[in-house]
Structures are given as structure tokens and as C-alpha cells.
Amino acid sequence: MTTTVAQQPTAVSLDEWSCPLPLRDYPTIVMGHGGGGQLSAELVTHLFRPAFAPGDTSALTDSTVLTLPGSRIAYTTDTFVVQPLEFPGGTIGSLAVHGTVNDLAMSGARPLVLTVGFVIEEGMPMAQLARIVHDMARAAREAGVRIVCGDTKVVERGHGDGVYINTSGIGVLDDDVHIGPDRATVGDVVLVSGSIGDHGMAIMSQREGLEFETTIVSDSAALHTLVHALRAAVPDVHVLRDPTRGGVATSLNEIAADANVGIMLEERALPIRPAVRAACEVLGLDPLFVANEGKLLAIVPADAANTALSALRAHALGVDAAIIGEVVADHPGMLVARTGLGARRVITTPIGEQLPRIC
Amino acid sequence: MTTTVAQQPTAVSLDEWSCPLPLRDYPTIVMGHGGGGQLSAELVTHLFRPAFAPGDTSALTDSTVLTLPGSRIAYTTDTFVVQPLEFPGGTIGSLAVHGTVNDLAMSGARPLVLTVGFVIEEGMPMAQLARIVHDMARAAREAGVRIVCGDTKVVERGHGDGVYINTSGIGVLDDDVHIGPDRATVGDVVLVSGSIGDHGMAIMSQREGLEFETTIVSDSAALHTLVHALRAAVPDVHVLRDPTRGGVATSLNEIAADANVGIMLEERALPIRPAVRAACEVLGLDPLFVANEGKLLAIVPADAANTALSALRAHALGVDAAIIGEVVADHPGMLVARTGLGARRVITTPIGEQLPRIC
Amino acid sequence: MKYLAEFRDGEIAQRIAAEIRQLTTQPWAIMEVCGGQTHSIMRNGIDQLLPPEVELIHGPGCPVCVTPLEVIDKALAIAATPGVIFCSFGDMLRVPGSDRDLFRVKSEGGDVRVVYSPLDAVALARQHPNRQVVFFGIGFETTAPANAMAVHIAKLERLHNFSMLVSHVLVPPAIDAIMRSPTNRVQAFLAAGHVCSVMGFWQYPALSSMHRVPIVITGFEPLDVLEGIRRTIAQLEHGQHVVENAYARVVTFDGNRPAQELLERVFTVSDRAWRGIGVIPNSGWRLSEAYRDYDAEYRFDVTGIHTQESALCRSGEVLQGTIKPPTCSAFGEQCTPRTPLGATMVSSEGACAAYFNYGRTVQLQRAGTSR
Amino acid sequence: MKYLAEFRDGEIAQRIAAEIRQLTTQPWAIMEVCGGQTHSIMRNGIDQLLPPEVELIHGPGCPVCVTPLEVIDKALAIAATPGVIFCSFGDMLRVPGSDRDLFRVKSEGGDVRVVYSPLDAVALARQHPNRQVVFFGIGFETTAPANAMAVHIAKLERLHNFSMLVSHVLVPPAIDAIMRSPTNRVQAFLAAGHVCSVMGFWQYPALSSMHRVPIVITGFEPLDVLEGIRRTIAQLEHGQHVVENAYARVVTFDGNRPAQELLERVFTVSDRAWRGIGVIPNSGWRLSEAYRDYDAEYRFDVTGIHTQESALCRSGEVLQGTIKPPTCSAFGEQCTPRTPLGATMVSSEGACAAYFNYGRTVQLQRAGTSR
Amino acid sequence: MCLAVPGRITAIFDEGVVRMAKLDFGGITKNVCLAYLPDAVVGQYAIVHVGFAISLIDEASAQETLHHFRSLGILEEELGEVADEVYSPPPSCPLPTSSLQ
Amino acid sequence: MCLAVPGRITAIFDEGVVRMAKLDFGGITKNVCLAYLPDAVVGQYAIVHVGFAISLIDEASAQETLHHFRSLGILEEELGEVADEVYSPPPSCPLPTSSLQ
């Protein structure tokens, strides 16, 4: 049936859209973009869908039906509230992909699909949202995961911070994969895939009142191919963990508690970039508590430690991998470090967030 | 190995915890609750885990490994930002369960597991968070879904609104289930499972500047058993949709567009509670655009319409079900209503949110 | 709801419509003055019940459509002022100013709040003594008593942080102006029932006889509107031109005297620009000298505003009924409800928006399901 | 980092430690005055390299521990004042006042900000001319020049919205008070290297000879601390009591003259309460008369504060080294780093917190992996 | 302009300097300003616009109008349906009022 | 108290009424107040506390101290390891510095 009357307006036409130019009428997000009406639909049609599922005009609905290549899955969720939204080495968009891909990868799963939930603050510049969305799409593409459904809410100015992004993700696991903190066994060796503290200090360098000039960039990266390489070399990896919020110290404390084993860390062995170390000195922070977004901790049987190290170092994301400690029978539930002096110190989980100190 | 030294402090001991009493030290959420350290862990150990997975001391980690009873799944996400957080008929917690369960149910899936992501504003009263979490746990229990992993972030005061909750969910589908908007077929009949506009007007009644006294309560409910009852009676349900944000009008417009069919609505047939109708009159709103959280739209073959209606009405959540329209060949892509006068009006998708008007 | 539901009876509506069809022998153009009536016509499809000879012209009775661009721009400037809480009825938020709307000002940091009543804005001023609270006092005679009372209470309470941006317009001068227009096509008026509930209709006999035009005071429910049309057609067919009150359950000849008294105290009649139409003498109210301290235009420096109406927009002619929206070259192209160039494309009962959707209705009728 | 890494060499540390073991023939109790030294000891496990005869007593040199409860309560009251931007070093946020801490005030709506430098607070005052910006000026002589400069600049720039809550304490009077205590066990002091970088060490010879106590100016890196201990033990073993400068790359006898001059101008010596210890005469600085306008205690009405120290807490005795934390009945029970009753349980180098973790270290040594 | 709806006055009271009333709109209740209807009493219906009662409903006149409407076309019964196509009313029309109160 | 770290002065400038310097701490750079070290010149190392340079490092003295440390125990070589249990240093210790700059 042909008709000459005006169609649904295409104010945000795909032709005119070129990231990072703003959408046409409102250069900023208004409440209506979350109202579930035409403005909401336009965000999907003209921003999210072209970015996340180019060419697929029916993708990115409220929910989706999938057939997975297996029924044993890993499932996870994370919300990202990082500030600034764009930082050296990434954006909240790529971080939201990497974080969830990594949580899946840490269980040994092959990450397949993600969902995305945006909570956008009224007034967010459309151009910035577009940059973040496109960075997110790039990260997903590079990681080989599909963003299959999404949700957008807009909150009033003063009730958000630009954008918060939740991602959930599903990966599939083979039946024989059993990776988990409880598998940490006395005698096992602890490895880290590279320098620690890069993400947290890259963020800190931008923080109001603490700014400093530096070349530190976030290590934000998807680690599932690194895990794949590691598992190809060492099938019996016992534990994998991405030491994000709370850093290496918090992750190892959790593993020690979960497996009821002791962990002894060799502080001198920790790979730390000089700039990260310097920033920590100036602000009085401990790099062991600083967040990473592209590093993994691996716990493997002692006899596989060197194989694991070589496998990690052979991968682009693991060139600075190191053996940093071992699982011990003593002090179960506790993380202890051998200091540079050869003494020991107990490393506890911090109460809250690490703050710069003067003392 | 026995030890006499002090264990990890148990400031928020499970014994002392009784909802809705505040956690011991901080009666409000502080930034540290999102820092990934001890305060974060305590929220999980002493609030989330007892509520969502009582008795399971290892539940509710960052990610989880599951074996699904099938590999054909429905997958969805939604973030909930409703204000007020506690409203007549529910809380943001129960709503976050119902919303995602319903999105799964609308594809014909059996909802199985949810993830939960909290974005909590610094300063949120701990007692209120506890009430919301327990209401969420109750809703999940009643719906028979498990909350399997979660994430908590705390944002600074003035960057949130109490709490935002994201849920994602997975449900499983039989191979023969094919429900989708594109299956709307000319001649099909449109049903609604009960009165419309209850949720939106219950929320509106609490909104600053618009408050009114009313007995309207939100219809927030999990609809998967209603779907099950409907599909048992009418295996070939063509389309299911929960008319949430944007209301019945927006959902039917989307279906009309997706299936490229016309939909003709009989306005007189719409079940609307008198109080909802009255509130809409006073504020100048159209109940067709008002949100529902416990209603479904079903599109079924004409010859199954009465069977479907009976099946819906036989269920506690469908007693007020009604046949409200049909799928037509005319005006494809458009929703048209036959008015109380027997005339027609085109019902478009609203631009943004419906606002009270004086004119 | 009592006194609403009874006046929506579909069967009786058909009977009145049948009566109208019986009465009608030739084309007639009737203007419903009030946007609320337009809304009722669109929402219920009343026009579809009428014989093709009867044309309804949507009048200028909607503040969204006629509040002048300059006032909108002043509202936007005040709303964008740091520290200000700018309160408005929901209707005004998408009305386009020269380069943006209130939604955008809000998204850019303006504290713009939708209120149900001007008294809610007064309450906000009490709650926030250190903030300037400004109410956007638009509307016709129906809304004016509420706005007048808000200013009056603010003055009584010495709420020095409350002020009002006033842009009130009056119906009788608009009827007069339309009838005086050389291109006028309107042959009868459905007068706005709720305006008359405040003002009475003592002003109308003179207008009716001067312009030899039937004026029927009309309500808003389907039966009310149909009855107003029926009586208008009856007059037209019989060559009459008198004032009739078809909304007697609400409207009296005198109107609401206490309201009129406060209106006289708080407001002063002034010339007023109508968006798209231009200045109509004595067609508006501004705050009187005694309330000048509560006038937002004096409190905020919003002089020097340069308005810029879209060069394409012909909403003035549309509002006066001299052209139909599709005649405008922007209609459905640059200008849609999603991207309105003129105010008449904003609310669903604005003449251009109504036509935009009406065009789709016409399509659906052509498609074969017409009545 | 140059001038840090070299002073952390593990092999040399072992050599100095060996020298200390060789020197030591009997038990000695040495107080490291400065919290930064305590931090270095805990962080590097320096104490584990020492012979069992050498006991290190953590001194009162940490503002977290000694800032009086009354001042904390004043800070909490000011920070909770609407409109105030309250700036602090990160250290102070978890210090318990009578009933809460700054984190809680922040969560309840106070605008509490962590800054790196007092100059950042001055910058905030420039940026927010309509807000009161208050800096929590705590610390010892090392931090005082920074705080003095901030107030001085604010006065030069007439930043009337800037003020400082000052609670500065001085090291020499504290050393004197500790030595005068009838229960004193301290036999030698590692003086605080960075305090001396500002103040020099011309005040120490008198103290040393009066109390017949060795005082060694000591740095913060492991080798510096060990060398300080080595020199102290050497004096003790030889019955000497002189002042030595083991941190000569940073500290001179005179100290930083320009800093001392501004300190004299901006501050006046006053009696000062030390948390848990009580008032020590002439042991603090307050703003001098000329800078009184910038004193937050004058600007804000924070008189009438009723402080309530935990009845259980014995941190004063702990700070003076007269009891060890486990002697306190609350230790590890009601009082943990997670739920501190006293300030000494807050930062990981507070004496009670250090002991809390040390207890765990002891356990791990008992468990069989000891050196 | 001028969305205004009828409600029944259920209480009259003073709030500060203003005379107010509680109105029942059939399931919802709102407080509105009654300053402009000084003679209104509880039980009467008033038309409310933006929180103000602006006019009392003359109930006799309302009945008269309704009576007039009902009498319309009585003489010329059965004009036939206006629409040329009849949509068969769904079985649930008029509404099931079971639980809709 | 008194976390203070050494950095190298790379530039000196005025900011408003205050003399400032840019200091390199080995990979990060921060501006600090130089008002208390009026004689400092570019290239020198200063100790920085809460954004203020409070003391210049006497490089000769530093070398002397290090020399003294290194000479310690030279006469009595090989005291043996202090710890009774030796943790075998991991193969990556000292650090691989390949990409860590």
C-alpha cells in the first residue's frame, strides 16, 4: 500500500549521523530520551543499533532469544561508574565490555553475549555519549562478543554522573573446566599477567584535587584470549581472578579465605611501572590495593608454573607476567608478603577505598 | 590450626541483623561500601547473601557457573530508577524482579536466574536499603527465580537517587515456542490481562507537586505463571508484550510497526479502574500511555480469543482480562482506536514522557 | 466520574450528530475557540460524526500556540539563570523558543519543574527562601484567577523570592480580531466554556451582534461539543446570530464575581502579542502596578532578547484559519511533532499537529475502513 | 625513584641489622616519634630484623592519633554545616569523633572533600566565592608551613570565604612530656626527620642533655630507620646521650628559615590537648591575632561541643608507651580497625591497629614460617 | 486550554490565609483552593482547574441538559448505525467490574 | 606523619603571588609550591610534602650516607642469611623491565 503522507519523522537520520556529532535537535540528553517514546526509540535506532549491531535493523530489543552452543554457562554482571568517563587508555564504554568479558573469562568460559543497561544523566552531551557508545562497540567487536539487548534510562540532572553502564554477560564452558578460588592448593604458584596498578593510577591522575601529569594509561583489556593461551599450555589452571576494585591484595585475600589457605607474596617480584610506583609514593598509596582492568592472577600447580609464565609472556597482554608468590599451609585465610627486607607483613583487605594520606 | 588472635571483625553480625534495623556502625551508606574492601564484603555477607541465598555462604559472587536445562534461552536486562523507591504496591526491589521476569516471560521462556547490580547513593539509609533488598528477595522467591550474582557500586551524594537497580535474567524456552511481534497476523485478536495504568498512576500519586490521595496501587507482579496458563490453553500465542514504560499505546505501536500490520483498538473495552481514570482526567493524561508492571498484552488467532480470555480470567492475575482489539490489514504500522463515539483516532507513540497538562 | 461520564454517551452522541446532519443544508465553518475543545474533538473523533459540510476550525485558544515567542525566550532566559527554580505547567516544556525549549534548558542545568498549580510554586518559594522561584503564568481567563491568587498570596506573605512571568491572553478581543480579519472564514463560534465559567458571557452579546455571528458557550465533553455545534448550525441555518449558553450547568451570565474582582486588582488590561498573529489591542493582562515587585520581567534582566521565528513557519495564518497546515511548505518536512518549527505543531491539539495526525487518519479512511 | 630506591636495599638492610644485633647486649626501648616512621617499620617489617632486646615504641607523631576529640567534633560540626565545603587530608576521614566520622557526615550530606594540598582548598575557595571553604589544618611542624602559606595567601587575596580549623602540635614539647612522665619507659628517640627538615634540630640538644636521652634525627626509608636505630643503640650501649643527625641529606641544624619565619607570623604557640594524653603546655600552634579572621573556630559557632570519648579506650596510655594495646579490654573485641573506638585503631600505623595486625603476624610466626 | 474537571466537596478548611477544600474526583482526592467559591458547601460539585475551584455545578441544569439530550431524536428512532462497518464489540464490553473498584 | 618524597625540579615559575616549581618524581610530574626554597634551581632535588617543597636534598651528603651504608659490615662479610627459611626468588625477580618504562 503506497501512501504519500509523512512517515514517522526521521529527525536523527542515519545519513546525517556521524560520530561524534550531536544528534540533531537536542545536543544533550533530555528526560524524554528515557521516556520509552519516540526519543527513546531514536537512541536505539540511530545510535545503539548502528554501533552495536550494524546492519541488523531488529537487533538490540528489550530481550532476545538465543541458542547457546552448550548449556554449561558462566553468568555475570557489573555496573561501571568510573569518573572521568573518558580516561587515558579507554572510556567507561570499553571498560564495561572488558570488565564483564574478564569476569566470564576468569571462570574459564568463552564470552559470547552481553547485555547493556545505560543510566544516563539528563544533560549529558550527545556527542560524548556517542563517543562512549562507539568505543564500547569497538571493544565488543575486538573481543568477539555480541551486545544482544539493552535498556536505557534517563535520570534527572543531579541524580547521575554522565552515564553509568551495566553489562551482564554469558559465556559457555566445557564440562571439564573447573576453575575457582577453592581450588587454590598448598604448593601452588601465584602469577600475575603484568604490571599492577595501571588502571587505578590512570584514573587517580585525573581526579579533582589530585591531578598529576603522567604517561600512565589504563590497562583496560579483554583477557579471554590470554586465558585461552594459558589454558592451552596449562590445562589444569586452579584459580583465575582479575584484580579490579581493591587490587591484587583484595583478590588474594578473598582466595585465601575461600580456599582456607595461606598466600605468601614476594613483594620484590611484583611488576610495577616506575610511574605507578612514583604516583603511589607521592600520594601515600599501596599499589597492591590499586585497581587493574587488564590483568589476571593465575594460581597453577607448582610444576606448571614456568610453563604458565612462558605462555603468559608469549601473549601480547602478558609480556610482563611474573611469578609473585605461592600458596602455603601456614596462616590459612591470610595474605602475607615478604617485604623487600625479607621480613613479612600481613596484608589485610582495606576497610573502604584507599585515600591519599599525609602520614 | 587453632588461634587465639582476633578474627576478621564481624561488625555486622548476622545475629544482630534484623531487618529493617540499620547496620551497626554506619546507619547510612558511605563511599567505602562501594570500595571493594571490607565494607563492600559486609554488604554481601550480611545483607545480600542472607536475603537472596539464605544458608548458602558462597552464593552471590561476582560471577557464577550454571548448567541450564536447555540451550535455547531468553536473555534480557533492565535498569530500574523509579521514584519513590517505595510506593503503594511495591518497591524498586520487587519491581526489578518483576520487570525482568516479565521480559523473559513475554518470549515464552521459563525465567530461571537473575543478576542484580546496585548503584547506591552515598547517604542512603541502611534500613531502607534493607527493606528494598528483602522485598526484592521476597519477589524472587515468589517468582521462583534465583538471584545468582551481583555487583554493588556506591556513587557520591548528588550523583544518584537512593538506589538504582539493574537486573538481567535468563530463561529457557522449548524449541517449539515462537512468540514475537512479527507474528501478529491480520485477523488476530488483542487481549489485555487486566486494568491498565495502575502502576504509572500509583507512582504519579506520590510525585512532588502532583500528589493526590488515592487507593491506586501498583500492579507490579511476575506474569510468567499467567503466561504459562495462557499457553497451556492456547499453545499458538502469537505475540506477548508487557506494556511498561510508554504504556499499551507504545507497545501496540511497536508491534504494528514490527509486523507491518494495523491494530484497531476498541477504547470502550479497555479495563481501567475508576480511580485511574479519575486521576488521568484531573492531570490531563491518557491511560493508554501510562505504565503497567503486571499486565500483558496477548495477540492470539481469532478462533482462540475466547479460550485465551477464559484462561486469563481463570488466573488470579488475569481476572479483569479483556479483548481490546484486533489486527487488521488496513493502516499497516499504525495503531488506531475506535473511540467511545464509534469514531477513529490514530494513536501515536509519544515523543517523550507524558506530562500533566492544563489544556 | 459524575458529570463527565454522562456527557460521553456514544449512543446519544450519534443522535445529536444525526440531528446535525438533518439540520445541515450547506457548508459552514465553525471555530471552536478553546484548545480543550480541540482536544476533545481529536480525542473522541467528534469531527468524524459531522456531515462533510461542517468544517471545524481550530481556534487560537491554546496557550502553547499563542504565547509569544518573545515571552518564551524570556522564560528560557530566566529558567537558565543560576539559582532560579522555574515552574511551569507541563504544556509549555516543548514549546520552541528561538533556539531551544524548556526541556533543553533543564537538561543544560536549569532547575525547571512541572507543577500542577501555581500554588505549588508559591509553596516552593516558601521552602527555598534562598532561591528565586519564578512561575510561568500563561493561559486564558480560566487560568488567570489561579495565577492572580498565587501572586496575591506571595504579596500577602511578603515572599520576595517569588515572581511570575505573566503572559495572559483574553478571548473576546481575539474573537473580535478574527472577525475583523479581511481573510476571515469563520461563521460561528463555540465559545470556551471554562473561560466563561470565570468571566461569564456578558461580553458576548455585543460581539455577536456587531459581527452578526452566532456564539454558543460550549462545554468540553463529546455531547457538549456536539450540542454546541448543533445549536450553532441551527442558528446558521436559520440566519440567526445570538449568544446561547449550552453549558448552563457550569456557566452563568455573570461568571465568578470574586475571581473577577481579584483579577481586576492583580492584573491590568494591556495590548498583547499572539504568537504568529501579532499584537491584538487590549487582548491581554499584565501585573498591575501594585504587584509590579512580583513581575519576573522586572526582577530579571531579560531585555534585549532577539527572537527568531522560523522563516518557514506560517502558524499565524493557520491559527486564524486562513490557510490549512499542509499549505505550509515545512509541514511534514522540516516541521513535525518531533521537530516542531511552530508552536501549533507541539501539542497534539495544535492545528498543525492535529493535521499531521489527521493526515494519517485520512489515509486510514482512504484505506477502506472509513465510517 | 632517585633517593628512595637506594635507601631500600634489602642486602644492606640485613647488614645494618646485623650490626645492631652485634651492638645490642641488653633490652632497650626506643620510641620512633613519627607516624611515618611507624608506617615504614610496619610496611617493611623492620622490627622483624631487630634483636628481641630492642623494643620499638610507636610515638604520638601521627595527627590521626593525637588530634583532640574536641577538634574532631568541631570539624564534624563545621563539615555538617549547609553550604560549607570542608577539605581535609584523606587521613582524617575515618577518625572517630564522639559519635561519628567525616565519612558519615559526608554520607549525610556534608560536602567533605579530600585534597592533596591546602592550596587545593584555597583554589576551591576562589572557585566557589559563595561557599564557605574550610580546611582542616592538622599535623606537625612538617605540615604547618603548607597550612600557614594557605592562610597567608587567603589573606593576601582577601578570600573571605576561606578559613582553617587549626590543630597543630609540636614535637619537642611532646618528647619533653614523655620524658617527664613518671611511668616513662622510653630510653631513646628517633626524631622525626621531616619535622626537622622544617624546624632544624637546634631545640634537641637541650632536651637530650636535660633528660639524658639519646636523640637521633632519622629518615623514613628502611635503611634510614635502621641506621637511626643503630646509632641510638650505639649511644645507649655506650652510655651516651647526644643528638645525632642520621638524615643529613635532608635535615640541617637550622632547618628551613623562610618556613620558620612565616610560621612565626601566622601561628602563635599555645597549650594544646593531645588526644588521650591531655594538655601539654606550649605544645601547639594556633592562628595568630593577625590571621584570626581566617580561623574557622571564630567563624563558625562550634562552642558548646560536648565530647564523649569511649569509656573503654586507653589510647592515651598506649600513646605514651605505658601500656600495650592488648592490655586494653576493648582491644580486638569492641575495638577493631573496622570499628575503632580510639584514634590509635584507625590508620594501619596507629599503635593499636599496628598491634592488631601484629598479633596476626605473631600468629604467623608461631605457625612456623618465622625468620 | 482549560482542562477542568468536576469533583465533590467533602471538606472545607483554612490553610494559612487561604480557604481550601478537599474534593473527591471518584477514587482520588485532592486539596484545592476554594477562595473563589465562598458560598460552597460540602456535598456540592465544583469544577476544578489547576488546583482552583472556579465554578459550582448547577445540578438541576445538568439534569435538564441530560434530559434534553436523551429526548433528542426520540421522535425519529432508528437512524441506523452511522459507521458503515460494525466492529463486533468484544465480549468484555462493557467492562467487567468484578475487581475494578 | 609527614609523608614526603624527593623529586627533581624541572621548571620554576610564578603563579599568582606564589613561586611554584614543576617536579619530576620519576614518571609523574606535579606542580608544587617553591616559596620556602627561594634559592632552589632547576635540576636540584627537593623533598615535597602536601604540595610544598620543604627541603633541598644535599646530594653529597646522600652519597656519603650511601657510601657509609655500603661499607657497613665489609669487615665482617658473610653473616649468613637472617631468615631461617629461604624463599626461592621467582624467575622474574628482579623485574622484567621490557615494557615497564
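Letters A, B, C, D, E and F mark the chains as written, and numbering starts fresh at 1 in each.
In the analysis below, a contact is a pair of C-beta atoms (placed from the backbone, for glycine too) under 8 Å apart; a residue touches a chain by one contact, two chains touch by 3 or more.
This is a predicted model, so every value here is computed, not measured.
Trainee: Common contacts of chain B and chain C?
Mentor: In this structure, the chains that contact chain C and also chain B are A, E.
Trainee: If you check the contacts of chain A and chain B, which chains show up for both?
Mentor: Intersection of chain A and chain B contact lists gives C, D.
Trainee: Measuring centre to centre with C-alpha atoms, which chain is farthest from chain C?
Mentor: The most distant chain relative to chain C turns out to be F.
Trainee: From the C-alpha centres, identify the chain that is farthest from chain B.
Mentor: If we average the C-alpha coordinates per chain, F ends up farthest from chain B.
Trainee: Please give the pair of chains with the highest number of C-beta contact pairs.
Mentor: The chain pair with the largest number of C-beta contacts is A-B.
Trainee: So the centre of each chain is just the mean of its C-alpha atoms; given that, what is the distance between chain B and chain D in Å?
Mentor: Comparing mean C-alpha positions, chain D is 54 Å from chain B.
Trainee: Rounded to a whole Å, what is the gap between the Cα centroids of chain C and chain D?
Mentor: 71
Trainee: Just curious, how far off is chain E from chain C if you go by their C-alpha centres, in Å?
Mentor: Roughly 22 Å, centre to centre.
Trainee: Let me have the rounded angstrom distance from the C-alpha centre of chain B over to the C-alpha centre of chain E, please.
Mentor: Taking the average C-alpha coordinate of chain B and of chain E, the gap between them is 34 Å.
Trainee: What positions in chain B touch 2 or more of the other chains?
Mentor: Residues 1, 30-32, 38, 264, 268, 274, 277-278, 281, 284, 342, 351-352, 357-359 of chain B each touch two or more of the other chains.
Trainee: List, in ascending order, every residue of chain D touching at least 2 other chains.
Mentor: Residues 1, 4, 14, 35-36, 39, 49, 62-63, 89, 103, 116, 120, 139, 143, 337-338, 360, 363, 367, 369, 371 of chain D each touch two or more of the other chains.
Trainee: Which parts of chain F, given as residue numbers and ranges, touch two or more other chains?
Mentor: Expected reply: 1-3, 5, 25-26, 49-50, 82-83.
Trainee: What are all the chain pairs that meet the touch criterion?
Mentor: A-B, A-C, A-D, A-F, B-C, B-D, B-E, C-E, D-F
Trainee: Which stretch or stretches of chain C touch chain A in the complex?
Mentor: 103-104, 106-109, 332-333, 336-339, 356, 359-360, 362-363, 367
Trainee: Quick one: in the complex, what on chain A touches chain D?
Mentor: Answer in residue numbers: 209-210, 262, 264, 268, 274, 277-278, 281, 283-284, 328, 330-331, 334, 336, 339-346, 348, 351-352, 355-359.
Trainee: What residues on chain B touch chain D, complex-wise?
Mentor: Within the complex, chain B contacts chain D at residues 1, 3, 5-6, 9, 11, 24-32, 38, 122-123, 157.
Trainee: Hey, which residues of chain A end up touching chain B in the complex?
Mentor: For this pair, the touching residues of chain A are 1, 30-41, 58, 62-81, 103-104, 106-107, 109, 113, 115-119, 148-151, 153, 155-156, 158-161, 164, 166, 168, 170, 173, 244-246, 250, 258, 291, 332, 349-354.
Trainee: In the complex, go through chain E and note every residue touching chain B.
Mentor: 1-3, 5, 7, 25-30, 48-50, 82-83, 87, 89-96, 98-101
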